[in-house]
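Next come two complexes, and both contain subunit A; in the first it sits with subunit B, in the second with subunit C.
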Partner chain A sequence: VPCVSGDLSKPTNVTFISINMKNILQWNPPEGLQGVEVSYTVQYFIYGQKKWLNKSECRNISRTYCDLSAETSDYEHQYYAKVKAMWGTNCSKWAETGRFYPFLETQIGPPEVALTTDEKSISIVLTAPKKWKKSPEESSISMQQIYSNLKYNVSIYNTRSNRTWSQCVTNHTLVFSWLEPATLYCVLVESFVPGPPRLTQPSERQCVSTLEDQTTALEVK
Partner chain B sequence: RGLRRCLMSMNLHRVEESFRGIKTAIQAKDTFQNVTILSPSETLHGTQPLDVCCVTKNLLAFYVDRVFKDHQELSPQIMRKISSLANSFLYMQKTLQQCQKLCHCRQEATNATRIIHDNYDQLEVRSAAIKALGELDVFLAWIDKHHGGTSAA
Partner chain C sequence: QEFQFGPCRVEGVVLQKLWQAFWAVKDIVQAQDNITSVQLLRKEVLQNVPETESCHLIHALLRFYVNTVFKSYRDKAVEFGILKSFSILANNFFVIVSKLQASQEKMFSTRKTARRRFLLFHRAFKQLDREAAVTKAFGEMDILLSWMEKFYQL
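What follows is the complex of A and B.
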């Protein structure tokens, strides 16, 4: 149903939220229309191509986000997206994003973190985050394959002394030695790529205790 | 003296930072979303290691000799950032001159450069300059990728 364009104010804060190349377009309702039954329609544009393209799953929707990961999966291209609001026979003008460049703008999610301990050390094994993929059957691509200079900021916190160490590493295994036995340590890891600043997401905090010092344990016997 | 010795070990972060300062304003002035200047899938994606030096040299010259010269800017803040970018590009050119002997220009590199100049010539010069400036992030990301990132900041 054609609508009268421009009678409604535009959605606001139209932006891409991108993590590991999962690219979600999101926006706020038009000013003054929070809580009103507004629907939205989204289109996207591949920079350098000819025309705006529809996203059928995001036509006349009531939610304020739209997953455009599949449409923007070639991360070396650049994109625009726009959304308009509709309410009855009125609709807004299009509200458009700036030029979105996934390769430079996607957030790099945290790695998987595996911890093993012994008396005075904690071994950490990191697995690089995976790029978003269309379907589970698709083979996984590690973000390391996209960003060969991917690094990790590893922080380890001694819950007894309240002291924290941080170390920036590129390899996927590291050992923190000279720790105190029978002490709870908590580890946090963040991935990052040198270059333009990106939002980062630290891993879940994982805590593990170093083992009892066997020498003192024997003496006690 | 391998090419790696003369790779640009300059602080690309500062160049990227200068660009980030003008990206939104410059890209907003670029109203021709259906054309690109760099056309990365034809010119930059899949650059062979042998062609990296020549493509870098040619693109630096493209920006220094055409884009920065053709662009006219009213905003003093943006003008300052663009001047900083231009100076960085001049520095990168000088750095690359150290490996003139290694900078062979094969047909592939020459073709890529010609596509970029042809794209530029298709547009009115001010629009072309705005568009090429707005695509600097693509070229900087390419440099970062092919010149092994940068030295520590």
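What follows is the complex of A and C.
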């Protein structure tokens, strides 16, 4: 049923939230219509092409987000998306995003962090985050394959002295030496890529204790 | 920190500053480009460029940006209050072009294929209204910087 366009105010804050190329379009309900049974329809556009395209799973939906990861999976293209609100026979004008460039705008998620300890050192092994994929059967692509200049900002915090060191690394293994024995250290790692400013997501803080100093342990016996 | 476009080396340009300058104005600039069905820096222009051609191509593109795009866009940059970012980009592009000038003149063998790529861009530019084309070219600098990043070594 065609609706009367423009009688409803537009959805607001229409934007892509993108992490590891999982690209979700999200928006806020039109002003003054929070809590009202509003439905939404989404379209997207590939910059340089001719037509707006429908996303069938996001037609007449009541939620305020739409997963466009598959439609925007060629990350070297740029895209636009738009959404309109409908309520009864009234509908809003389209509310549009700016130009979205996944290659430059996706947030690089944190790496996997594996820690092993010694008396005075902690070894850290990092595994680059995985790119979003359409289905579990699809082979995994590491974000490292997309961003050859992917780097990591590793921070280690001594819970006894309250001191923190940070180191920027490109390789996936590093060792923090000259640590204090039998001390709890906490590690935080962030991925980043040179280029335009991006939001970052640090890893969860992981804490491990260095081992007892064996020499003093023997003397005690 | 330097660019290495095949045999051509360019030192003294901090790419991160160009990114920050463009990113600060990206939304303003791209919002002025209403011809979303046309992309000037298409994949055919910048994808799979052999290293040997990269010097010619980047020289041709940046010289065009300096002599045409920035020259024509300056008044708009003043109008939209983005002169600071505009100047950072324009000055750095001018530095790169000047530094590329000498080295790319010595290479004749790869000029033709690089030229063909540039002409794809230039033809698309010419087909648009002048002001719209300049606005679009300025708005596509993220595509250009993204390609240049591949030749940048910290």
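Brief remarks on what is shown
Definition applied: the second predicted complex is superposed on the first by the 221 of 221 C-alpha atoms of A that agree within 3 Å, B and C clash if a C-alpha of one lies under 4 Å from a C-alpha of the other, contacts with A are read in each partner's own complex, and residues count from 1 in each chain.
Just so we're on the same page, a contact is a pair of C-beta atoms (placed from the backbone, for glycine too) under 8 Å apart; a residue touches a chain by one contact, two chains touch by 3 or more.
This is a predicted model, so every value here is computed, not measured.
Considered on the superposed subunit A, subunit B and subunit C are sterically incompatible, since they clash.
Of the two partner chains placed around the shared chain by superposition, subunit B and subunit C are both touched by A:G48. Of the two partner chains placed by superposition, subunit B and subunit C are both touched by A:L104. In the overlay built on the shared chain, the residue A:E76 is in contact with subunit B and with subunit C. In the superposition on chain A, contact of A:P136 is made with neither subunit B nor subunit C.
In the superposition on chain A, A:P2 contacts neither subunit B nor subunit C.
Of the two partner chains, subunit B and subunit C are each touched by A:G195.
Of the two partner chains, neither subunit B nor subunit C is touched by A:G35.
When both complexes are aligned on chain A by C-alpha atoms, subunit A residues 45, 47-50, 76, 78, 80, 98-99, 101, 103-104, 149, 194-196 touch subunit B in the first and subunit C in the second.
Residues 45, 47-51, 76-78, 80, 98-99, 101, 103-104, 149, 194-196 of subunit A are the ones touching subunit B in the complex.
Interface of subunit B with subunit A (complex): residues 12-13, 16-17, 20, 23-24, 27-28, 33-36, 39-41, 45, 134, 137-138, 141, 144, 149-150.
For subunit C in complex with subunit A, the residues that touch the partner chain are 15-16, 19-20, 22-23, 26-27, 30-31, 36-39, 42-43, 47, 139, 142-143, 145-146, 149, 152, 154. Those residues of subunit A that touch subunit C in the shared complex are 45, 47-50, 76, 78, 80, 98-99, 101, 103-104, 149, 194-197.
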